[in-house]
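A quick write-up on the structure given underneath.
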Amino acid sequence: MELLSFENPVFVAYAIAAAIMVLKAVAMSWLTVVQMVRFKGGYRSPEDIRKTPINPEPHAGQLAPDERVERIRRIQLNDLENLPFFFMAGLLYVMTGPSLLTAQLLFYGYVVSRLLHFVAYFTAQIHDVRAIFWTIGSLIIVYMAVASLFHAL
Amino acid sequence: MELLSFENPVFVAYAIAAAIMVLKAVAMSWLTVVQMVRFKGGYRSPEDIRKTPINPEPHAGQLAPDERVERIRRIQLNDLENLPFFFMAGLLYVMTGPSLLTAQLLFYGYVVSRLLHFVAYFTAQIHDVRAIFWTIGSLIIVYMAVASLFHAL
Amino acid sequence: MELLSFENPVFVAYAIAAAIMVLKAVAMSWLTVVQMVRFKGGYRSPEDIRKTPINPEPHAGQLAPDERVERIRRIQLNDLENLPFFFMAGLLYVMTGPSLLTAQLLFYGYVVSRLLHFVAYFTAQIHDVRAIFWTIGSLIIVYMAVASLFHAL
């Protein structure tokens, strides 16, 4: 059986987790747009305060940071610091031919940790709460990268 | 036929699109360097205003944000928020064995949307113009991720 | 022999390089945490100055940028601007079936260039020093992307 194939249940688990994480990351972009339109602010480029159908009454204050938009940007930056490395470590890990149960725990555990991280960050829970969810995801990436490295060496 | 192979024309289309997007992203880094050297500013680290052959007459003002550099940084950040997810969603989509024509439309459509997004952003078109190109690319990623997810489930 | 398999020594070299780069990137997140806890500052979210076991004596100044934390964030951003494109270009390059020696030079050369970039940035060497290491890595990505593109066309 080919490892990188939908016939391999470990790859199926990886594909499900990766696809959900792609959609989660893209949703952050859309949520940024929603917040900018909703609060009519948090824009970043000088041309964004030119009059358009979406922004009919522009003013200079719209270029100032708006915490309700900045919060989503920080959540998104956190995704950028994590998801590409999950994708890479996960792909290598699939290639090592792990047991299905372990792989599912790692892949789906990662997805759950990131979704909970989002909820904790979006609802402004104390730092320690979102740190716990972030740490779980980060350790899963480290585990898969180290396991792949040992498999390769 | 193996799906992940240059013998698969769908993979060839993916490889062409992904390679162009890699070069586009790397070009943003080089364009940032070009703008920093050209306008002698927009540096970010305290040590960047130490005297060197590239910066023979440094001064503290070089650490202030320079819109001509910041614009490229915003374009690059937009790439970081999009391209890694195109790479991942596209790879999964190749594995689902789609029709060649659909895959080419999605992959090359994505490339065109991102190049037009760059032109619109670089020339400071109104927000709605670059938003249209960004939206096309974003929807292509969403479509491929959802199609891969349904294929996996 | 399958190209994407641990039986292919070119893939093994890619896997080793990619796994090390994943760990390097994740280490930047942990280093940011270390610096924030060590210097009790450089936080970014309003809720981060609520009293918790990790931050027992919070104050508003902890939300101001702290250069010792910002430096790590800049290094990490540089990783985000480079590593995902190394992963993608490297994967395509493996698929082109290159010679083992060339591939090892490119993959391991990239790893070394990024580790030296980190040392130069972390110890605040002049801009030109870290620019040299960054340039080596960037050119390796460009070479692999172009080689893959020509192979595909």
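All chains are identified by letter, namely A, B and C, in their written order; residue positions are counted from 1 within each chain.
Everything below uses one rule, namely that contacts are C-beta pairs under 8 Å (C-beta built on N, C-alpha and C of every residue); 3 or more make two chains touch, one makes a residue touch a chain.
Because the structure is predicted, anything quoted here is derived from the model rather than measured.
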Field rot_deg for pair chain A/chain B, CA superposition, rounded to the nearest 5 degrees, holds 120
Comparing which residue numbers chain A and chain C contribute to their contact, where sharing over half means same and under half means different, the two sides are different
Averaging over Cα atoms per chain, report the distance between chain A and chain C in Å.
17
Residues of chain A that touch two or more other chains sit at 2, 4, 80, 84, 87
Please output the residues of chain A touching chain B within their complex, sorted ascending.
2, 4-6, 11-12, 15-16, 18-23, 25-26, 28-30, 33, 43-48, 50, 52-55, 76, 80, 83-84, 87
Residues of chain B that touch chain A when the two form their complex:
2-4, 67, 71, 74, 80-82, 84-85, 87-89, 92, 95-96, 121, 124-128, 131, 138, 141-142, 145-146, 148-149, 151-153
